[in-house]
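In order of appearance the chains are A, B, C and D, and numbering begins at 1 in each one.
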Amino acid sequence: MNETRVTVWNEYRHEREDERYRSVYPDGIHGAIAEGLSAAGDLKVRTATLDEPENGLPEHVLMETDVLIWWGHKAHEEVSDETVNRVQARVLHGMGLLVLHSGHFSKIFKRLMGTSCNLIWRVADEVERIWVVAPSHPIAEGLDRYVELEREEMYGEFFDVPPPQEVVFLSWFPGGEVFRSGCCYTRGSGKIFYFRPGHESYPTFYNADVRKIMGNAVRWAAPVDGPPRVFGNQAPLSPL
Amino acid sequence: MNETRVTVWNEYRHEREDERYRSVYPDGIHGAIAEGLSAAGDLKVRTATLDEPENGLPEHVLMETDVLIWWGHKAHEEVSDETVNRVQARVLHGMGLLVLHSGHFSKIFKRLMGTSCNLIWRVADEVERIWVVAPSHPIAEGLDRYVELEREEMYGEFFDVPPPQEVVFLSWFPGGEVFRSGCCYTRGSGKIFYFRPGHESYPTFYNADVRKIMGNAVRWAAPVDGPPRVFGNQAPLSPL
Amino acid sequence: MNETRVTVWNEYRHEREDERYRSVYPDGIHGAIAEGLSAAGDLKVRTATLDEPENGLPEHVLMETDVLIWWGHKAHEEVSDETVNRVQARVLHGMGLLVLHSGHFSKIFKRLMGTSCNLIWRVADEVERIWVVAPSHPIAEGLDRYVELEREEMYGEFFDVPPPQEVVFLSWFPGGEVFRSGCCYTRGSGKIFYFRPGHESYPTFYNADVRKIMGNAVRWAAPVDGPPRVFGNQAPLSPL
Amino acid sequence: MNETRVTVWNEYRHEREDERYRSVYPDGIHGAIAEGLSAAGDLKVRTATLDEPENGLPEHVLMETDVLIWWGHKAHEEVSDETVNRVQARVLHGMGLLVLHSGHFSKIFKRLMGTSCNLIWRVADEVERIWVVAPSHPIAEGLDRYVELEREEMYGEFFDVPPPQEVVFLSWFPGGEVFRSGCCYTRGSGKIFYFRPGHESYPTFYNADVRKIMGNAVRWAAPVDGPPRVFGNQAPLSPL
């Protein structure tokens, strides 16, 4: 088994433009995520950001990426359609994709889901309690029956995504809302995991449980050396 | 319960351009489908074709459509992106969508699936045997344990679509292939059914079992008067 | 379409033995459910209770039942294995089954699920907010985006059932728990719906939204006239 | 990561009682499976058979088993209910279970599925072609787009199991049948994989692709160190 190669992609605008967010994530959200993933020692982690050439994701970077992590919020429209095309193609060929929090509205997530990916939300420093509802799932490895985050943004249902193939987590918020917070999908030969928490104003990506979940999700989403993609006109295998 | 309003959309090129197909479908594939659906008496059926203004699907037609049926093959690229946007929006708001045969490669199906929708195929006058694997599903109402079509085009796996939420039919072909032939999805408030058979050179849409399946699928896909689509910033329901 | 025949089965001990529950359900829980279902006029409703001969469900009653509704709590073990066998066989042959609230621990539900069906719970007069997460599902017909019950028993995750084929509802409770409250399954040719609310001390089965959901669920679970059940040694359909 | 401990359970009657089967599997079907699994070097494999005390599966053996493999055919009824209870409890607590071929009719598989697990079948030395339909699934690791077995027993639909949570393989048989041949389920904290091939008269368990699939399936089904099983009356987590 080769080392899994992870690219952490971040829009990286909030932290550069506003001291409130920079104080929480001085090395950027991508920096905090990369630090958390690197600790385990079995992942090879790089980062990429929106304002780099080709949105930080030229072909050669994607070809060397086993799992791509996506955090974006206010500049979704600045990601070029060419970038979205490249990422989608790589997912269909097997690259894993983790979409975080406000990435629900990214072009690439909407492209892969086929829906609006809309939801209800509120920023009010609410506690979030994330319940495990798939105890046999590798993404739940090492967790207790729920994870608690002291302060987070609320996201609530209806979350306009296709029904997840596996729901690993359900979130509870004190204002009265629930949310499907850990959603697994496959598209082509690739695996996708949407994970809800991670607002730019909260230190979520330093949380030990969140870091455990992120590592589990990367290992789960790593490509399988599966069957080749064969399409088009084919001769019969048995005599007609 | 009001009458379900069905629009049968057909690319309508093969039958106009080539006598071989016109002889099979003198009133167009849409004509044969509409005739089959109208027989039961509980559906209000209209047709639309690619070369009509706005691809035959202006806003007002879609607003008056409960279930849209889609047959296309060689002119997928001529359907405008505006049309695809309109249809997708209507599906997310509840309109049912039946995608037939070569419609697997239509822009609207690829948009809603998020994948390439590619597959393997062969035209060799093969028998197709369509097995029911979801006996409690309303789309299987009135069927025997399999449906047999004397001659059809072969489609085989891997079919690059998201794993269906429900697989109603599996097809067998003599050349050695299998196919997930009846695939149910939901997107937003809308239901989608992909049904495999229906090559332009075979009289599939006159077949009694196929017509039964089409009618069942329309009734299954008809919109539910469900909850409103509410998104965006929301006040708490319980006191914080 | 013939009238759907519903049998509402109730353990009927709480209401006979304790004035607190009788005051809420003077005609029994089955009486309140039957009253609610009868109002629409399209269902033919009868009731049955545990202490009747053959647990109220002899062969002929089951043969005349399209959808069986199950409420039980403290006498699950008094339902005979023969009764459970009969009900399971009927479900596999197409009879719908609605399991309510504490019926999660009934022999028949555990038999059909294959798991412990255990959960966490608390009786503390808590509000329950039931969110719709499958807006295109017929069981959500006519509902708003959530249903609120002023007082109910809490059930929380982990709910030890197989991952539902469709999750229609998720519940929120003020103590911090969430629950998959509307769970769809198929077994053989039959459909099963588990619906969470309905504690014996609360007037849940008089609630207008709950009654709407119950009616929707009965119509959804009504048998389809699907393929015959054919098993065993079979000759080839194509020449070997 | 500790070594995964596998117990291969075999009814072990055919091979002892009939020279035809002994000549194919001189060390028993369990012997051939254990040999195949041991080759990779990362699994710790033991075997157990029906006629050993407590059906070869006393409590201490199950407690030391991470993944149990089950092959049975003509003596399903001789497995005691106590054994079935013990195995079910272990699966709910996380033990993986691989059920092979005629094991579809075993008590433990029927217990975990809740259905008849019946199907159609024929012994006629037919080729079986097993198509991969979940290319991102770890059980498909290292495979081509289909696996071909020269001679096998036919199993055909309708296979009376709950709709699989993931279908990895679909089989094609020359007589005209199809079958869901690789079916994933979870029950409680445990994972279950049903794999179709493996008739006692064919050398299936020596096949290199089948051995690869068995190894993949064992690794996939190995327990996750997930959340504890907490049930019963619970205090609120947030103030009421």
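By definition in this document, contacts are C-beta pairs under 8 Å (C-beta built on N, C-alpha and C of every residue); 3 or more make two chains touch, one makes a residue touch a chain.
These numbers come from a predicted model, not from an experiment.
Trainee: More C-beta contacts across A-D or across A-C?
Mentor: Between A-D and A-C, the larger count of C-beta pairs in contact belongs to A-D.
Trainee: Taking each chain's centre as the mean of its C-alpha atoms, which one ends up farthest from the centre of chain A?
Mentor: If we average the C-alpha coordinates per chain, C ends up farthest from chain A.
Trainee: Where the centres are mean C-alpha positions, what is the separation of chain A from chain D, in Å?
Mentor: Result: the chain centres lie 33 Å from each other.
Trainee: How many angstrom lie between the CA centroids of chain A and chain C, rounded to a whole number?
Mentor: Centre-to-centre distance between chain A and chain C: 37 Å.
Trainee: By residue number and range, which residues of chain B touch two or more other chains?
Mentor: Each of 129, 132, 134-135, 145, 156, 158, 163, 165-166, 174, 176-177, 186, 188, 227, 229-230, 237-238 in chain B touches at least two other chains.
Trainee: Of all residues in chain A, which touch chain D in the complex?
Mentor: 94, 127, 129, 132, 134-138, 140-146, 165-166, 174, 186, 188-191, 223-230, 237-238
Trainee: Tell me, which parts of chain B touch chain A in their complex?
Mentor: Chain B reaches chain A through residues 88, 92, 111-116, 118-122, 124, 126, 156, 158, 160, 162-163, 165, 174-177, 185-188, 227, 229-238, 240.
Trainee: Spell out the part of chain C that touches chain A in their complex, as residue ranges.
Mentor: Touching chain A from chain C are residues 129, 131-135, 145, 156-159, 163, 166-167, 170-172, 176-178, 180.
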